[in-house]
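Lettered A, B, C and D in written order, each chain numbered from 1.
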């Protein structure tokens, strides 16, 4: 069986998640992991599972046996690694967001294009079996013309202060997944964003000039509307529900529960909580995501979630920030204009 | 609008339930209530709602303006009142069971037939909107040929000792509804009954030679099977579920809950309990039951739940008793033979 | 039993709904119905059910035996009848909206206050058993501090062109119920409204300068957020769902279905549709609404849904209109200022 | 990490399922596969995944590096391989049933005991996450004293005629899982079995003196009751539901669906079908089953599903056969007596 030989850049939580999935995959072969610090890898015995553990990314980029890289390092390093990988002729899988600066994102995607390597953005939820079926139902016209997309996306508990500090804010860190999902499901571009947000969960967010609760309304080119609601803390577990309402009906996906158990007593009937967080909820989606990347490379198929998709989602996150700060609807066309004039959004 | 003028014989809980529903109905008019004791009626102000409150059943039977009677007195008086009402030319609605003695039931139904009056048995569940739709789904071949009927029927809490003493036992008092439902849904006669039962809820049942928990298996003429499970105490509320499994699928009805409320916390998601008991669960079915009776009289339509249906359900209750006592499968044909020889089952 | 004697002004669909419920109620007595056209009442035999059928509202207002009126006439007559009824010393139940002009609404409510009569606004959903339990769950702190209220409110099919023409538009006709519900559940005033809307269902709405699809975001004084989504056409039936998310969990109410039937075949499992429209869905809520009004009068209890509540919901509808027309967030304080300067909004 | 080195005897569908799971497991190492025919293994490239592919079971039994065997060959060879493996000092995992002859089963388990090797029976459903939680709920007294166990267990489609011929019949092939589950959940021994069965799905079963539809009632030593219903053909998918009803409530597990998708149109709301069959439904349970076996060996823990459990389930299958053939309740004590006198049941 042909496999894609890959190297991973960045061995944090998400990097190691991909590492494990690559090892399990029949389509990929993990040849190397690079990180600035490899102590935790050696302690974890990764040298027994991967041929090369290195602190030098060049060991991956210069390795002719490696045809693709997974960029899982911190966001502020993405652009540099993408550029170097593209120049080295490696196909690229890059975690979201590509960068916090849409102008830089756009520029580096230009380089990717020039170099002719393939690039996949890491929006894992597109590969979830439930949302995939929802997507297909909409495409197959099961609910007619879509009118309203509704996305509830709530984390089970807030991240650490240090994480929040480097997260790019709620819209860039959390809502970015929902922006991508809205575009993916509607198959039409978003032309306007209106964001309302609040600090209701933890004063830490306010301290960091961030928010923890938000409702974002989107207007699509085709006239349809979408609404996303976010919270950093749903005490009952990771809340990930989507509904697409249309002229012929409505299709929805409810949460995956930890089990199907139901207990009825004189106090009512109790069901299990949703799966705790993304590692549990999207376990299989993460596997499918990288296999999909591998199949695109092996069979020269179109990439299922492109750099353009990553760029668009970032632009929407910026629009949401602007909308929230100025308490007004923001047109995407404004940002695109702005972007051509100035580097800093 | 034409209405059926009716009198009620027996003003206990179920009699007054029917009284209230008759008053609300557009198809029936309540002319009289008879009971051996009418103090509770006078205290409740029923004289303001009904033209006649009497201790003499003849006041109803001799009243030419009354065309139908509701027999809601205690079971041991049913046969006598049915006979007298039939002779008086009144149509009859009779609560279940017709009697505790199937031979007497059969004989009095012969008289009803001779006198040409209409007779409806009080199996209220046939008129429940959910079970009615289930019935129709089976008839409309939505699940192909039925193979297995499953009925869960559990009361929320045991009746009083005095009630149990005069109830005829679990099979005659509770399961009789399920026997009727099984026949109704399957549209085939039951040829064999196997009952397992136990005393697990309250020693009071054992003291009265009764049981409180049972599983009854039925074999139909058409080869299909059914299973009923009963308990006198489901602490979470009245549990009334039915499922019909067939060659083309399965159709089922789950409990009606007290509300659609769902509360999710870190302890799970809690739904409301089922409606508490038959008064809540079958409120609308009781209304439909008597309107259906009225329509049968007004438009000379076939009775929706006949005396024969009442008789068959009683026979099944006897079969279940015999099966449990002798720990063996009992064929209905045995009972029918037995019945022709002896008065006491 | 004491009863409140009432007269109904306006015998259209909603007027006759109340008439039937008043007749069924133990707490109210229907003494008279007035309408400019009474032919349909006479044809329907209402003279047999009500002592007086009249074309002259004064027959009700001057009747000393009548202590309360139900104003169910067309919206443009409400203010006049409220004023006349208040002067006549009658308690008032008035259908929503009180008027299309919030200034007039405010003025007439002043008169009501001066005359010391009680006034209930007709927001029937507050009396729905499911939403009532949801309300109580929030009050009883079952989900902690509320952060996000989500309301889906979609009609099964668009009204007639003539209805739409006199409806006051989507926000005043449909969303007004949701505005009231949001305030009721959150127990905090709304300070800002942002409305997005579209014409996606039927070009008729555009022709009448109306919309048929909308997403409205609300900001509360206490910092919480709400979002409402509306559509004039949910082909699967009346979609009425609410969710309140808070610091300790989430509580929600899903649709009432026509039955609990489930059919599983090789094509999947099919459940029944939601109840068709408000007459079916809120049947019991309409009964409870008027009984609640009666109890407030009989026992001199606070009114459960006041004139102030009606006024606030109208103000929100106006804010939504303004927000949609100007594509910006509208603060309620703007409208209150505006209102004090000019009669026309 | 310590691992258990294992060899597999029998490389049919279930043998290869275990082979794949052993390869994925961190606790087991697959050293060899033996089968009388190894062509399909070589064609499938298994020689690249396993050090030894052999037609001689002795290559496994004589290999000192192998400490455990998985017996996955056809049922009529189990007893021989168990005996040889026990004598060779190998721990044993054996697929269900151990044999079709309970006397032989008992005898070979005696040998296992004498030789001091560990033995696990292959009842995979005990390791399902949902049923495991149900089991724990019962143990943790969440529903009080159990009164009724209900198991629905229906295959999506009948096996081939050849499979049925060597299956041991419905009770031995299908119900055996449910017998084990009933004992496991109730934690009390079954003392009596009553089986009703029919041929409703396919005449092939009748031709082979088998049945395809059954309802089996069980009585436990502690007085509780259980009922199992089986069908060889549930067209909507593998139907695997369990409910335990007790003095304090009821706990249940419903089917795992293929996805959480819900589509509502004017024809109702449609959910996905259950997962198709045991490979999909119990995918994770099969993984947990062998890891549990490995942990028992590595840490010298009690076996989670013993040879005794396998024997008891077989005895129940025989009792069900006898009950069905003779149309009577069969006490387990009869069989145990019978068994001590004669070899053929």
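Just so we're on the same page, a contact is a pair of C-beta atoms (placed from the backbone, for glycine too) under 8 Å apart; a residue touches a chain by one contact, two chains touch by 3 or more.
Values in this document were obtained by computation on a predicted structure and should not be read as measured data.
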>> Going by average Cα coordinates, which chain is farthest removed from chain C?
In response: D
> Pick the pair with more C-beta contacts: B-C or B-D?
Replying inline: B-D
> Which one of A-D, B-D or C-D makes the same contacts as A-C, at least in over half of the residue pairs?
Replying inline: B-D
>> Rounded to a whole Å, what is the gap between the Cα centroids of chain B and chain C?
In response: 41
>> Suppose each chain is reduced to the average of its Cα coordinates; what separation in Å results between chain A and chain B?
In response: 59
>> Rounded to a whole Å, what is the gap between the Cα centroids of chain B and chain D?
In response: 42
>> Can you list every residue of chain A that touches 2 or more other chains, as numbers and ranges?
In response: 235-236, 248-250, 264-266, 272
>> Quick check on the complex: what are the chain B residues that touch chain C?
In response: 24, 129-130, 133-134, 137, 142-143, 248-256, 259-266, 272
> Which of the residues in chain A end up touching chain B in this complex?
Replying inline: 235-236, 264-273
> Okay, in this complex, where on chain D does chain B touch?
Replying inline: 145, 147-148, 150, 152, 154, 194, 196, 198-201, 213-215, 217, 219, 223-225, 227, 229, 231, 233-236, 239, 245, 247-250, 327-329
